[in-house]
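The structure under discussion is supplied below as structure tokens; questions concerning it will follow.
All chains are identified by letter, namely A, B, C and D, in their written order; residue positions are counted from 1 within each chain.
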Amino acid sequence: MMGVREKIMPVQQEISFKAFEMGLAVKSNDPVNGEYRKLVLDAPAGLLARCRAGQFFHLLCPQSGGETPYLRRPMSIYGFYPQSGELHFLYKVTGAGTRALAALSSGERLNVLGPLGVPFTIADHWQDLVLVARGVGLATLAPLALEAQRLGRRLTAICSARHPDYLMSTGYFADLGADVITLTDAEGTSDPDNLERVIEGLVAAGRADAFYTCGSNRMLRLLQTIGARHGIPGQIALEQQMACGIGMCHCCVRPFNRGDKQVHLRVCREGPVFDMMEAIAW
Amino acid sequence: MMGVREKIMPVQQEISFKAFEMGLAVKSNDPVNGEYRKLVLDAPAGLLARCRAGQFFHLLCPQSGGETPYLRRPMSIYGFYPQSGELHFLYKVTGAGTRALAALSSGERLNVLGPLGVPFTIADHWQDLVLVARGVGLATLAPLALEAQRLGRRLTAICSARHPDYLMSTGYFADLGADVITLTDAEGTSDPDNLERVIEGLVAAGRADAFYTCGSNRMLRLLQTIGARHGIPGQIALEQQMACGIGMCHCCVRPFNRGDKQVHLRVCREGPVFDMMEAIAW
Amino acid sequence: MVDLSVDIAGLKLKNPIMPASGTFSEELAEIFDLERLGAHVTKTITRGWRDGNPTPRVCEVGGSMLNSIGIPSKGVGAFLEKVVPFYRRYETPLVVSISGNTADEFATLCSEVSVEGVAAIEVNISCPNIEEDGKAFAIRPSSTYDVMRRLRAATDLPLWAKLTPNTGETPEVARAAEEGGADALVVANTILSMAIDIRSRRPKLGNLMGGLSGPSLKPIALRMAYQCARATGIPVIGCGGISTVEDVIEYLIAGATAVQVGTATFIHPTAMIAIIDGLEAWLADEGLAGVRDLIGTVIDGEQDEAVVFMEAAP
Amino acid sequence: MVDLSVDIAGLKLKNPIMPASGTFSEELAEIFDLERLGAHVTKTITRGWRDGNPTPRVCEVGGSMLNSIGIPSKGVGAFLEKVVPFYRRYETPLVVSISGNTADEFATLCSEVSVEGVAAIEVNISCPNIEEDGKAFAIRPSSTYDVMRRLRAATDLPLWAKLTPNTGETPEVARAAEEGGADALVVANTILSMAIDIRSRRPKLGNLMGGLSGPSLKPIALRMAYQCARATGIPVIGCGGISTVEDVIEYLIAGATAVQVGTATFIHPTAMIAIIDGLEAWLADEGLAGVRDLIGTVIDGEQDEAVVFMEAAP
């Protein structure tokens, strides 16, 4: 019925197609630890060539176990590998949509729409990058490490989690040449005061030209304070409930400070990556 | 969430439970010919002991292939075998519900509600029974042959179909000692005139104490004419769109002549088997 | 042990789960013990005999259903003789649903069914008011108020007014029903809908149009239940698209004191039993003493109702 | 070759498929060639700048969605400067959706957007009329008629009136819009609904209530489209829950001349393209010469509308 969807559209004069809806085959879909799973999809080179760190795909989760997720679900690109033709997502099972994702097995197809949104940027003079991530925020920040390596920048990855068992991707960061600092609730090292000490240490050592973070309110506030104190810029990836994912519906707005005004920007379109200093903690 | 459903309810004083909702395992589900399939379910003896020829079950068709049938679908009991613990249905794939049935594989469970409705009756003085069936009507009439054999009555089964390839259950009837007469469109033997000749022959031979039929308008009219002509009674199983299947909603009514009045009766409750002479052709 | 009981304007129910009118009858006693329900609610009757609508009277629409049963009725005599006595064997209170096309006929029926064995009367004012323009009484506040006054004068039994979603004035209609003398509101009936068979080009219902019930109705009826609970001081009985315990909890949080389950019983005849058991288990898990700790606990920031209504319209 | 074209009060569309207001924007040009659509319909704008509603502005309800976007608007200046010029590159006619809380403001905006490049104006009269009681203009026939008269006087462009399902008087409102000067009716907007998160006990929308769109709305909006096509002599543009070719065919048979696709585009951004291709294929299969052979072909036995309405109510 909807078979025409994947047909190639005629190219328009002035506008080129930027995002695509397509069904991709599942290569694997395995648990990473108790709460998270990694989904690997088989993706065409043309699609992977368009992907950038910080962007997301909008996933059409299938019917599963009597549940019928209706809207698409946004998921950050966790990794994109043109060589092996793979597109990776790291996700946490929270509700009907992600439960349906968890039920996908190899060979099944998942309808994806993307890549969407504004990626992270790394300014030319940002030589030392600091990435601060907790939980599923890693999914969004991980591909930044690849990009940093490609551009020859130094990266410190501060990974925080409830318990050492739930730390993810630390090996991945280390393999890409990043310095990895782990902080956990269980070891009592993840509190804001300690985090501030750790970051101030990096600043003092000249290892913090820019911050990158994601999701957590507490971290945003802390990084804004440190950023303002030392004039260090940063970027943050934010979340919001979405419907269309491409800028049409204005569901996904968040308020930002811009000059002396508050503006509403769409997370799917002007984001999900925003200037860290403009973001407003919630 | 709904797991309590199959719990045994406390027995009431005056009213005993007559119909049950339960999940039965599929034993097999195979095509009979191009259009029909036979579904065999594993059923407990207590349930099978309640089944009678002419009754039906209300089936909760599962989600399948993106379709979500909502209401239950009524299906006649095609066979019930307390010895082997089997409940059989013969069905034609027509829409979303029966497509979902067709997708069931062995071992899966199907939620059924029944047995429901009023069965066929065979009066003591009806020694020679004539059954006239076409298409899926066979599903409803077939168990009558079993009952006739049990009661030691003679049965003539007139089976009509588009083509000899689509004749079903003729072997089944023959095995139960019935005389089988086959009529097909392809052979030009199934027209009303010929059918009338065949039946009049049975009447003349004293082989028609009662008629049993199902579904077709044309046959109903013909049998009513012959029945009136010779004072031969009969029963007909009728269909109607249903919601509840147990008499609550009054969705499934049909008009009947009773005395000099027209009454509306519920197919699920006062039927599906009705007096042939009271039924109104549509 | 959690306390499932609720109080509807003086009528005590052992639990807040009851059937919706037209989706319940004596026949269900063949499937489970009807004594387990919070109340019994009968199919709407009219004074005289009625045939109901042409068939097909039911069809399926994307995970929900339409019906155009109409109100086939054997009349009040047969009802008092056969139906009311059947329910006397139960301690569960019996609620009788009635309807009439004129206020007169409606009021007469109301007093006729005020007999022993009947605990409350549900007045289905979603039926057409043929003295005006054939629109249901409950479409407008004025016709709601007028008919409720007449009904109030006709009986001393508790009166439950059943509202319709086919209106743009739910809070006003609810207040009119309260002022007219309703003791409780049943919210809501089905919403007028249609489906067409594209092969035959015929409407799927013999009556062309019919009422939508089942899951699709839930967000609409839930909104109405919330509006009514805010707009009036009388208990609201939520109804529309309930099929799980979670649905019931949503209605209770929105402000409903009890709920009615309709179409779900067609899908699972024992749905109400599963819901009662599930509600008890859920309350226990949450450490709540009873249903009453849930009712109306929605955190809505006390927004002004009129503003909310205005702003929600796109 | 089947003829997909239709005529909406003198405006010729190459096919009957267009987007619904608020579910379409320039961004979609990044996914397919917008020239393929029958028309372009913009998100409703107001004269001045507006912020829209608090977040979350969207939630899911059983296979459909609620939204309470509100009408964030950059105002008419920005619209004329940026949006209208964007669509000039296309031959597809541009339909501009507008709204206002008073008849005055609404009419002023109506004449302001009557500029070159705009082919028709869709007036979203489902917005609150703050001069009366804050109810949408299109809830009542009288306020519909009054605002339509004002709008009619403000422009020479074709006027499409977009109706709301939040009323019990659809045929009357439709006739009022026609008498007030509407050239076509868009049927319909979203229906007011609610959903509550049972864990947090908070409404799932920041605005408490919002509009239901998607498949659940279809039987309701289809019924309205049928009622409007029978009640008036102007073209009806069906809208509500359309996601497949079959849905479109159902609306056309019911009497709609064209349709708008809303929420389905959020699920499949190319849904409209699939529908256009599918419609062409279906017509060819059926041996029909064009869309026009389908419109209004429902076999409804010419039942009287008032009777139908009465009897359908349960």
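Following the convention adopted for this analysis, a contact is a pair of C-beta atoms (placed from the backbone, for glycine too) under 8 Å apart; a residue touches a chain by one contact, two chains touch by 3 or more.
None of the values given here were measured: they were computed from a predicted structure.
Each step here moves to a touching chain, and the least such steps from chain A to chain C number 2. Where touching is counted per the definition, chain A and chain B have no chain in common.
Annotation: 48 Å between the Cα-based centres of chain B and chain D. Separating the centre of chain A from that of chain D, both taken as means of CA atoms, is a distance of 36 Å. Taking each chain's centre as the mean of its C-alpha atoms, chain C lies 31 Å from chain D.
Shared interface positions of chain D, defined as residues touching 2 or more other chains, are 22, 62-64, 67, 69.
Residue numbers of chain B whose C-beta contacts span two or more other chains: 68. Shown here, the protein chains touch around one cycle, each chain meeting exactly two partners. Contact between chains, as defined at the top, is found for A-B, A-D, B-C, C-D.
Residue ranges on chain B touching chain A, taken from their complex, read 63, 66, 68. Taken in their complex, chain C has these residues touching chain D: 22, 44, 53, 61-64, 66-71, 124, 126-128, 130, 133-136, 139-140, 164, 166-169, 189-196, 198, 200-203, 207-212, 215-216, 218-220, 222-223, 226, 241, 246, 249-250, 253-254, 297-300, 303, 306-314.
The touching residues of chain B, when paired with chain C in their complex, are 1-5, 9-10, 12-21, 60, 68-72, 113, 240-254, 264, 269. Chain D makes touch with chain A in their complex at residues 22-25, 27-33, 35, 43, 51-52, 55-60, 62-65, 67, 69, 72, 89, 214, 244-245, 263, 265-271, 273-274, 277-278.
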